[in-house]
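Same chain, two partners: chain A is paired with chain B first, then with chain C.
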Partner chain A sequence: MSPDIGDEAVEIWFGPQHVSAHGWAAKLTVVGDYIVECDPHAGYFHRSAEKVLEFRTFKQGGLVLERMCMLEAFLAEYPYISAVEQIAGMEIPERAKVLRTIMMEASRIHSLQFWWGQLSAELGLFAMTLWPWVDREFFLDTFEELTGSRHAASFSTPGGIRYDFTDKVRQKLLRAIGRLESNLPKFKDMLLRSPTFKMRTKDVGLFNAEDGIKWGLSGPNIKSCGIPMDLRKDWPDPNLAYDLADWEVPVYENPEHPGQSDAYDRMVQRFMEIETSVSIIKQLLDQIPDGPIVDPKARAKANRLPAGEAYGRVEGTRGITTVWLKTQDKAQTPWRAKIRGPCFASYYSLKHMVPGSTFADFVVVFGSLDPYPGWWDR
Partner chain B sequence: MSDISPSDFAGSLIRSYPTVTIESKSGQSLMISVTPSMIRDVVQFIADNLPMALPESVFGVDLEDDNYELIYIFWSHPARLLCQIRVQLKGETPSIPTVSDIFPGLEWHERETHEMFGIEFEGHPDLRPLLLPDELVGKYPLRKRFKTDRSRLAESGLPIVKPRPRPKKEEGSGK
Partner chain C sequence: MSKLGVIKDILQVLRHIVRQVFSRPFTYFYPFEDREYPERTRGRHIHIRENCTACGQCVRACPVVAIRIDKSDRKYEKDAALYFDYSRCIFCGLCVDACRFDALYHTPVVDLSEGSRDELKYDPERIETIEREPLEWRGRRFR
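And now, the complex of A and B:
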């Protein structure tokens, strides 16, 4: 607590045992019902992934990365794979590019459905927790059919992908998307027009775009301020197939406060993200070329890499996700791998965003940023 | 302001600070090498001149024999430009001025680099350990000389168990 805060202030630990604080804790200084200071603490399940990666081969590294965030496993492993492919100078088969992109978008939808259910639970709307999670099961079924695993699938590998699409996977994915599409308008109506939901989220956790960018926020948190910052468009990746689909970066700008974003706007923004991902998947499903899914010669290059540096970046569900990789000549393992998780910034920014709001709103502000503790406790 | 091209930006940086070296990796990416004393000037230049500069990360790299490299990464969405600023540091506990007052988002990145590499950030408001447990504070685990094999087992305070002798193979058990 800062020394200039008066005697009436009380310090309260939020977490790590609190139900909505799963693996994190923040020390809040409150005066009455209002928070005046927030000190987020990290490190409750730090797994030293950056050190672990220094002892894992390049083919094993992706498996460590997807454990940073199980909800978006297909996306989380990609920056590392991309960095390895850049250093080795690999060309990957066209079929692998398209399938990678499809599964990354499916992973994004699945992660957003989970987040939306969790935020609803934190607001006390338990019906809206369980319904999207039923829909989410259908995506998990697809992942299981494709890879044998519901979460940590290790789908991408340097040089291509490890599992091929079958007709059954395609059917299951179409079924999951069909169910989502028929339910989404209903759920959106129920949530966004609900007076309780509006009361809890409107003007809560408000920040403007300039501050958000200085704090390092990215992804839907910044897009909901009206800035179309999206690496899928801004940073063309030759090993992905986003250019095959016709889509626009989803941006929600609330006319009530242009250039700013509150918890409600971030909710609307994430619904738009789901709709965009559905559109990308549906377009790409019609364009899957025939051919191999992995180039064995390219994959063999990952056994020993030349000296080099690469920066793999991807637009994750929660924002810019990157891995910076440095190798020495004929290396079997990285010299240094730095993981940049998007939630490191969104968790830190609570320090600036929360003071001034009430204690009851703290969970809403936190939840609306979609932070996942795995991304800061790497 | 938003239509600044990478070469314009590099040109104006070179004119303001002739001692920095800039290397263009691709159309979208610049690599800027600076000395530790100039880091605040160059980061301030980025804050003033690169539109919507997003502080992506700061991290250290151990180059062995007390040589370190610090890399600052900024991304500008309107200019579609990625800037990597690289600083070479030398010494047992090297130090560099903080930039967390210019970009608050780098406060935690610097805090993490401090506990993992032992690099001091002068003027940083809060260098408490962020991620590490108490017993690893001050050991700088991402340095290359930090061993992760069994040689440090005694530090843990746990009883050191000798490997159990292997059971002898019984006659005829292979069938």
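And now, the complex of A and C:
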């Protein structure tokens, strides 16, 4: 607590036992019902993943990354795999590129549906929690049909992908998307028009675009200020097939306060992200080429890598996710792997965003940034 | 928001409730029936001793050291005994991918809970056989 805060202030720990705080805790200084200081703490979820990676071979490394964030497993494992592919000089078959992109976008939709339900639960709107989660089950069924696992898919492997598309997978994916498309406008209308929801989210957790960039925010959080920052367009990955689809970066700028973003804007922004992902998947499903799904020499190439360093990156659901990988010659394991998760920045930006709001709004501000503890405690 | 809009929303919710009351439940009556598992389900393993060549690739591929190999224990010409520790296994499927001799597969048996940790350590005899068939889908749900 700063010394210039008066005697009436009280310090309250939010978490780590709180229902909304699974694996994190913030120290709040409260005067009456208003928060004057917020001190987020990291470290409750630490699994020393970067050190663990140094003792895993290049084929096994993706499994560790995937467990950083199980909700976006297809996206989370990709930066590491991409870095390994760059160092080993593998050639990815066209079919693998397209299938990877499709599943990454499906994973993004699934993650956003989970987040949307969770934020609604924190606001007390439980109908909006359970309805999207029913739709989410259809995506999980698709992942299970494709890989044999609902969450920990371990879909990508250095040199391509592990599991090929079948007719049944395609059918299930189309069914999941069809259901989402028919329900999304209805749910969106019910949630965004709801007076309760508007009262709880409008002008809550407001920040400027300049501040957001200064704090290192990325992904939907910065896009909701009107800044079209998206790695899929800005720095396209040659091993992904985003260029085959015709799409625009979804950007929402609220005319009431241009250049600023509140919890409501972030909600709208993420609905736009879902719509964009659906359109990308639908376009790519018609363009899946025939051929192999993995580089035939990948098995030998991934065993021992030459000396080098590479930077794998992906636009995750929550923002820019990257892995920097350095190897020594004929190494079986990385010399060093540095992970950059998107949520560390959004978690610590609470320090600037929360003071001034009421205690009840704290959960809304936190939830609207879509943070995941696995990304800031590695 | 107009009064008409509120009534419209209430009707929408009521429509959903009525539909849910008369539709079949999403849950299963678990010990008596189970859901259909896809072909690629990564459940517990089965080891086919006839095909095994004791190359040890599955042991090398395992990221969590859940497999132990005993090369002196031979049933056929050049096979080996495998010990699986399911308190460690993460069901990633790398061992099945690593096997080039069709000797290791996943089965759709996924309910492995036991009373103690020691019972989760499968010895060679247990990993070579499935003690029961996976629960079958019976086509109807209990209410």
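Operating definition for what follows: the second predicted complex is superposed on the first by the 377 of 378 C-alpha atoms of A that agree within 3 Å, B and C clash if a C-alpha of one lies under 4 Å from a C-alpha of the other, contacts with A are read in each partner's own complex, and residues count from 1 in each chain.
FYI, contacts are C-beta pairs under 8 Å (C-beta built on N, C-alpha and C of every residue); 3 or more make two chains touch, one makes a residue touch a chain.
As the structure is a prediction and not an experimental result, all values here were calculated from the model.
Trainee: In the superposed arrangement, which partner chain does A:R340 touch: chain B (first), chain C (second), both, or neither?
Mentor: The answer is first: A:R340 touches chain B but not chain C.
Trainee: Of the partners chain B and chain C, which touch A:S154 in the superposed model: first, second, both, neither?
Mentor: Only chain C; A:S154 stays clear of chain B.
Trainee: Check the residue A:M190 against both partner chains and state whether it touches chain B (first), chain C (second), both, or neither.
Mentor: second
Trainee: Which partner chains sit in contact with A:R56 here, chain B, chain C, both or neither? Use first/second/both/neither.
Mentor: Once the two structures are laid over each other on A, A:R56 reaches chain C alone.
Trainee: Quick check on the superposed pair: does A:S349 touch chain B, chain C, both, or neither? Answer first, second, both or neither.
Mentor: Touch partner of A:S349: chain B, not chain C.
Trainee: Mind telling me which of the two, chain B or chain C, contacts the most residues of chain A?
Mentor: On the superposition, B touches more of the residues of chain A.
Trainee: What is the contact status of A:F126 with respect to chain B (first) and chain C (second): first, second, both, or neither?
Mentor: neither
Trainee: Enumerate the residues of chain A that count as touching chain B in its complex and touching chain C in the other.
Mentor: Chain A residues touching both partners: none found.
Trainee: Can you name the residues of chain B that touch chain A in the complex?
Mentor: Touching chain A: residues 28-29, 52-57, 59, 61-62, 71, 73, 75, 77, 80, 82, 84, 103-109, 116, 129-133, 141-142, 148 of chain B.
Trainee: What part of chain C is in contact with chain A in the complex they form?
Mentor: Contact set of chain C toward chain A: 1, 5, 9, 12-13, 26, 38, 40-42, 61, 63, 90-94, 97, 106.
Trainee: Given the complex with chain C, which residues does chain A contribute to the contact?
Mentor: Touch list, chain A to chain C: 56-57, 59-60, 63-64, 127, 134, 137, 144-149, 152, 154, 162-163, 168, 186, 190, 193, 195.
Trainee: Within the complex, which stretch of chain A touches chain B?
Mentor: Touching chain B from chain A are residues 42-43, 46, 48, 50-51, 55, 209-210, 213-218, 227-229, 234-235, 311, 320, 322, 324, 326, 335-336, 338, 340, 344-345, 348-349, 352, 376-377.
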